[in-house]
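Below is the structure I would like to discuss, written out as structure tokens.
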Amino acid sequence: MWLRSRVYRQLEASAWPGRGLSPANLFLAVLIVGTVGAAIVETEPLVARGRELLFERMEIIVGAIFSAEYLLRLWVAVENPRFAKYRFPRLRYAVTPIAIIDLVAILPALFAVGGAQTLVLRFFRVLRMLRLAKLGRTSRAWDQIRDALYERRFEFALILGLLAIAMLISGSLLYWAEAGAQPDKFGSIPRSLWWAIVTLTTIGYGDTFPVTGLGKFLAGIIAIIGVMLVALPTGLFAASFTEGMQRHRERAQKKPSADG
Amino acid sequence: MWLRSRVYRQLEASAWPGRGLSPANLFLAVLIVGTVGAAIVETEPLVARGRELLFERMEIIVGAIFSAEYLLRLWVAVENPRFAKYRFPRLRYAVTPIAIIDLVAILPALFAVGGAQTLVLRFFRVLRMLRLAKLGRTSRAWDQIRDALYERRFEFALILGLLAIAMLISGSLLYWAEAGAQPDKFGSIPRSLWWAIVTLTTIGYGDTFPVTGLGKFLAGIIAIIGVMLVALPTGLFAASFTEGMQRHRERAQKKPSADG
Amino acid sequence: MWLRSRVYRQLEASAWPGRGLSPANLFLAVLIVGTVGAAIVETEPLVARGRELLFERMEIIVGAIFSAEYLLRLWVAVENPRFAKYRFPRLRYAVTPIAIIDLVAILPALFAVGGAQTLVLRFFRVLRMLRLAKLGRTSRAWDQIRDALYERRFEFALILGLLAIAMLISGSLLYWAEAGAQPDKFGSIPRSLWWAIVTLTTIGYGDTFPVTGLGKFLAGIIAIIGVMLVALPTGLFAASFTEGMQRHRERAQKKPSADG
Amino acid sequence: MWLRSRVYRQLEASAWPGRGLSPANLFLAVLIVGTVGAAIVETEPLVARGRELLFERMEIIVGAIFSAEYLLRLWVAVENPRFAKYRFPRLRYAVTPIAIIDLVAILPALFAVGGAQTLVLRFFRVLRMLRLAKLGRTSRAWDQIRDALYERRFEFALILGLLAIAMLISGSLLYWAEAGAQPDKFGSIPRSLWWAIVTLTTIGYGDTFPVTGLGKFLAGIIAIIGVMLVALPTGLFAASFTEGMQRHRERAQKKPSADG
């Protein structure tokens, strides 16, 4: 029990008595950043060619460490007061999102051994990026931004809906105007939607754009409205942050006067 | 009369005694989303080929349901206190914007039967997107955003005017600088305006851009000013939202003190 | 004297006793919008071909009306208390910016008669866009936005300076990285500056972009910083507008309490 | 000592008793802008060809002046109370960032004499841009913006981290979807990252974009999220500036009431 309690304090960030990260979590954070970095460069043929075995062994070792971490976290879950009240604390912990991510993040290492097919192999390589989510455990700062966005979720959903309708209408109008001149790019509404997204987000790759007079006229009006629409979420974020800071400051100002 | 009152409560969102949407409105909302989705994929030849008859029949059924809805809404309009005070309540209802949209949204179904010409057919397909506007009936949230924009309509009109003049002057300057080198793209002010819109909204497709030294110099200055101009509506939206939230919070703070 | 006073009230917007615009100013506003619209479409060969004489005659008539307006405004300038205190009120009025714009806006009409060379002709066509500035006389709303920007002119100058330095450094870095691979596009710092402007404003035409690994790496970092930089003026505008609205509201709240 | 004190007052902006810049600093500021301007146009072959000797001599003279400035600043450092308290005031001054920049900014002039290789030559030409940093000495305004950003450094670091993770995940997803169809552009995660940066910053050069249906679907969702993400720093800047202005105004309002 004494060992379990010690391991728990090492692994659970909120239970660590010292400042910053515990040695175990610091090691894991460095390992995560390193293994994600390795997973990125491994996909580049110019780097990976001739080093396939090296990367494969590295992945097996990393997988073993993450497996050990997962089992240890499962073992010490009973120490966490959040889960201790349940009948099966370890099972309760195992179904939390972060524990599921931990489990999924081990999978790519298991499949590193067998020579998988290209598409499946690439999928597991992308899955390794998920290990970044494990970093979320080490910081509480994300919670603040998440809360700020959560508080205004109805407004953001509304703006997303507005954006979706604007894209649908824009795409439909350009389909009407350009389908005859460019059937491969505007020949259906789903195809025109690609143009609408690329235009209303102001990315403008230049792979699809109207060429007819009517199409350019409609696209011009849509572009100007699009700039305004894209300004809506920016304005809402700005207002949310402004309100958040102000509330924070007001609370800070009230405290000293309450003492006096 | 008893039946009419029941139908009215089912169809009019504000008259529904329960929470959320009435069964009838929920069914209609699902139908609208479904029929718009079908209208989108129907335009894609890869999906529609060989299924023309299926889509045509679906459209006829949907048209029949929307026609029935329109007639029912007309029938129960006399129950609505908003229209009951008029001499011809049903006529008064029939000329409201939402009732006209309902009527227009049925049209594409009527023309689905006859084999229409390409351009007309495409027009009616685009018209089906209008059915999304019927969804507006189910939610009051849109009213809030519309009010926020309406309150600052003079400022937004001013900024739109400023943007229009900036585009006109930018287009004219590039016409002056580039008409000789690229007559097909900058050979007239209307043609240069397409460049000006694509540039000042920062879309930048890359189909038209200056190639002469003078043109690039002018475009560079215009681009920097353009970034500032596009920031104007964003700033104004942010200020409007901030003010709106603050007013809302102040009202919320006053309430408890009014009770005390 | 009685006639001069009547003409003055017709021409000077602030001296008009009624609401809105005086008949004379309304006529001039419509004429300005019409003549600018005609000047735009005239440059389009598809529209102008075969109608050269029509456009030339229209321009002569418009020039005659604007000349008469200029002389009348000069004549009634002595009625304006703003200029009446000077020794030569008409000369004083003639050197105000708006009077000089009026004079310059007549010039294109004078040169419409003689068959001018292409470049000079195009210059005078662009000059006609200046007539839009005459509209400024009819509205005071522009003053408000101008004042808001003028109040924060130091901050905006600072941000413009920051943007200029960022563009200079970005362009120099890409010149260093890409001059060897793309000498025609990044072969000198002025040429690289075109890339820097197009990138930092997020327009991204796609006519110039890095192709080497080092160039893409530097451009990636510059792009992310660029997004932040472009956010600076937006944030400042938002803050200025927020402050302006708040001050306006506070003033509005103080008034009723001052009456009590 | 009397001469040293005079020179110190001329060179140190904060020690100048008069308004604005001292004659020596004004001369240096003009020289910096001029030499940077010359360094920019010198890289353009169309301008520099045939004037190599002229530019080389100019660079030697400028280098001599900046060397003299550096030695003089080192000589008068003992007059500065900030460094006078140290045992070796001149050494202490020599290791300040601005003094190191001064030293590095002389280097390009030293290498202007010998005929350097292309890559090295280009590097020293870019290094001359660093002389702009010397201008920082003449203005305190930069400090304010730096402070405003410094106060919210955790939030900006968080947003930068969020942006980096978003780019990593976006790039990985497109690598998964597009590596087969476009191996040269999406064949590895580092290559896909170039697409992710160009897209999420809304630059959109158009050199890389998805062509498969799955790739376009994923890119569409990523683009919409990207617009929201890019709005985050804008919103945070706006909130910071709003708070800064409000605090400034509150302080200004408190002052007169404190006198009463």
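A, B, C and D label the chains in the order they appear, each numbered from 1.
Rule of thumb we're sticking to: a contact is a pair of C-beta atoms (placed from the backbone, for glycine too) under 8 Å apart; a residue touches a chain by one contact, two chains touch by 3 or more.
Since the structure is predicted, the reported quantities are computational estimates derived from the model, not experimental observations.
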**Q.** Neighbouring chains shared between chain B and chain C, ordered by label
**A.** A, D
Q: Just send me the rotation angle from a CA overlay of chain C on chain D, rounded to the nearest 5 degrees.
A: 90
**Q.** Euclidean distance of C-alpha centroids - chain A vs chain B, Å
**A.** 31
**Q.** Mean-CA-position distance for chain D and chain B (Å)
**A.** 43
Q. Where does chain A touch two or more other chains at once, residue-wise?
A. 193, 202-206, 234-236, 238-240, 242, 246
**Q.** Overall pattern in which the protein chains touch one another (line/ring/star/complete/other)
**A.** complete
Q: Could you please specify the touching residues of chain B with respect to chain D in the complex?
A: 202-206, 234-235, 238, 242
Q) Of all residues in chain A, which touch chain B in the complex? A) 154, 158-159, 162, 165, 168-169, 172-173, 175-176, 179-180, 187-191, 193, 199, 202-206, 209, 216, 220, 223-224, 226-228, 231-232, 234-236, 238-240, 242-243, 246
Q. Any idea which chain D residues touch chain C in the complex?
A. 36, 39-41, 43-45, 118-119, 122-123, 125-126, 129, 132, 141-142, 145, 156, 160, 163, 193-194, 197-198, 201-207, 230, 233-242, 244-246, 249
